[in-house]
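There are structures below to look over.
Across the two complexes that follow, chain A remains constant while its partner is chain B and subsequently chain C.
Showing the complex of A and B:
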């Protein structure tokens, strides 16, 4: 707590920050602990694989191209499904949110369907349309659709009427009101919805691939376990974590930062009532 | 354009009534569609058949047994995960070096927490209760600890300095600055960890369970008993709504009042 003063005095000559160095040390420590625990536990690799086994499995999966293919499959499925859920969520959120009647009409049923988690839909979807991409697409866009819809709705309903009246007095058309007031004002909420949905969707994707797909990271993890190739299971889990962190850092956070920077201030000023 | 705020006197009653209409429409469509569109019974059983299954399974106690098994497991995983995660999270976050060292590790484990552990859990603990409990507790632990650590780290530093300059002891700081300051994030963690834990429970039971609502729902697919699948979905939805209304809405109301709910 008290060392914060020292940080400011220290010249910033290092190209990585102290937090990053410490974080790297933390990751190395976990790897080391893993190796030590392998020596102590001393069980067959199919039960508790060592870092070396996992690295070997990783090399093999890279060489025969399976890992790249599965990564591409998972990312593509995720992108298409999240994109579908997001756009549908925004469209319906705006449509319903702009009318008091529709939001009263549909509010409770939306809440009910939001409560039926996507995981629970997968069995029924398997009965209806079988295994494969359509089932995954529906289940994953479902889990993005509802939080986005719900938050868009909240965003639209909490806009200060005075903002809309102001632009209208200036002669804005309905479309202009939508694009210059409602959408920007609802954007932080939409982002919140996307964030919640994207997190659930990623885990949902892994689960859906375990049950309803023949490729992808979820399939790799599941198939590795049923064929007793536990090293592959661990490769799949690590890749999953890395893929999520990558998406989080490169995609979600920049978007979030952009919307907050761009619109957050506007909202803070107009938010006094 | 905006939700109209007129007619407040009849709004509550009519809103509740309007809200029921889509359920009636959905129910009517469900009842009529199979006959009109020729959807076979094994794909979309009639509401009557689902209701029949419901009464049968209530009568022989199997439905309540599944529900009870799931809820018990969720409660055990939730308590276990949070009771370790929150104190540990606070302890980690108190020390800057420790929290900087562990943040990347925690965020990595948080991102793979849950369903991805199911296959490994089956290898370690076999199919059954142990695996599912491990997966839920793991999910809840990482969701909650991450939130707690973030909560402490986002407390404005000036609050620490202010209390230190007033002669606060370490314990004073923990009880007067850290815990109240992180409380909102801890509650967020309690809530998100429940949402993640619930999904992990249903998914875990589907793959590794031998009982519970998730097991009941996926097991029925093998026998093409769509009526049990649909019943399972409704039960899953209703249980979540109940938990949300009974557990989280009151907590949120209290915290909003007490802490003025931030931002």
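Showing the complex of A and C:
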């Protein structure tokens, strides 16, 4: 985890791609700067932990099972909440996009609530329904709901009418028009909404867990800070980053690749979105 | 020859004193696209409708497809009023309208899927029509991997695989290059000879109309009214581009239809 490792790694990593080599070098540079800053600042570890302290805290949290439990709690809360927000966002996006009645009925109300960030809701939710999963579920799905809704709406509104007419002349029922044209055509936009929402929700989750939970990464960070275990706080932060990277690689990108890119609707892009 | 069957035939589609109005609700404007049109489309005939841009040709198709309702008058198929789109009236659009996320095979099998035909059966039937459209090699490809001409052949296969009672084509070859257009026209006639079906073909090209049609209906510009119907009694076996352009009968009919179209412009 120090500069000597970095120097040592270079000649052996020729088999990985240039981009990966650069990425690894970037991470190592950050670690190096961190370690150097620890030497320069020279403060007690509970105030400014070194990489070594964080590694030790990580080992301890793994051994006593806390980290695994918290990661599982956070992931589970996240998955259920994002799923709920995604489903509701798609349903209301379709309703508003396809029906003038619903659009007029809900358009302004939804724009109004869009402006009220989830953070503003959490204290109120805690008063109403207390600490725990229901509050987190509402707060996170709230965050996911809006970008999914607005992107679904855009997707629905930009569907070529000729595609809908074409399937109608092939005998599609209203429901079949929805499943065969409207949903697949809006899917790239829904994915964009999910991507944005999933990012917001991740931040929201940590915040909600700080306030309204007794476990999870957010709680780990909050609890670590209030007990001066800053090494644990940093473990929590690094886990956040890793969890997001993992989700991006294992979930979001494969879904995008399997749908959008194969349809030739968007060109495969090399960079991060 | 198909024209012979027409005289004693029954109308597949009957249009009576039909007026079609486009209403723009936002701007509170309305625009009469077709006015007091009366026209019969006979069973298994190939009817082309020509006219300058803005004469309501496509609007006429929309009314038969069921996308819009006439303001006055009626449009019926087999004596029954048309109220909404249905699988019995297939449409081939100028912009192909293939679903970009489905392969050629899945696009062609789409109508059968809507009807609940099991996968194996619908794919077997779709492959027949794909072969007829000479797209067997491209069956597993996506529309964006195909040329414009291939896309339109896939769209025709998709419509025919659904065995409609009438196939309507809205300037289907307007978006492909001139060379491809000629071969698509010949292909269409070959397919149509093998699968007799009522065809309504909308075009602004007089040559195309005379080459393809049993009868050519000429519309006047906006609002569209029927100017005249010209019978094209060129034998079906003479409809090849390499010979027909020097056929005096073709030239005479083309000039006559052209005069009818131009007359009302000037």
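Points to keep in mind about this one:
Everything below uses one rule, namely that the second predicted complex is superposed on the first by the 248 of 273 C-alpha atoms of A that agree within 3 Å, B and C clash if a C-alpha of one lies under 4 Å from a C-alpha of the other, contacts with A are read in each partner's own complex, and residues count from 1 in each chain.
Here is the rule we go by: a contact is a pair of C-beta atoms (placed from the backbone, for glycine too) under 8 Å apart; a residue touches a chain by one contact, two chains touch by 3 or more.
Just so we're clear, the structure is a prediction, and the values are computed from it rather than from any experiment.
In the superposed model, B is the one of chain B and chain C that contacts more residues of chain A.
Against chain A, in their complex, chain C makes its touches with residues 65-67, 84-87, 89-91, 93, 95, 97-101, 110-111, 114-115, 142-145, 158-159, 162, 164. Across the interface of their complex, chain A is touched by residues 1-4, 14-15, 18-23, 26, 42-43, 94, 96-97, 100-105, 107-109, 111-112, 114-120, 122-124, 157, 160, 164, 195-196, 198-200, 202-203, 206-207, 214, 217-218, 220-221, 224, 226, 229-230, 232-234, 236-238, 240-241, 244 of chain B. Against chain C, the residues of chain A that register as touching in their complex are 160, 162-163, 165-173, 176, 180-181, 184-185, 187, 259, 262-265. The touching residues of chain A, counted against chain B in their complex, run 1, 3-4, 18-19, 22-27, 29-30, 46-47, 97-101, 103-109, 111-113, 115-124, 126-128, 157, 159, 161, 164, 174, 177, 200, 202-204, 206-207, 210-211, 218, 221-222, 224-226, 228, 230, 233-234, 236-238, 240-242, 244-245, 248.
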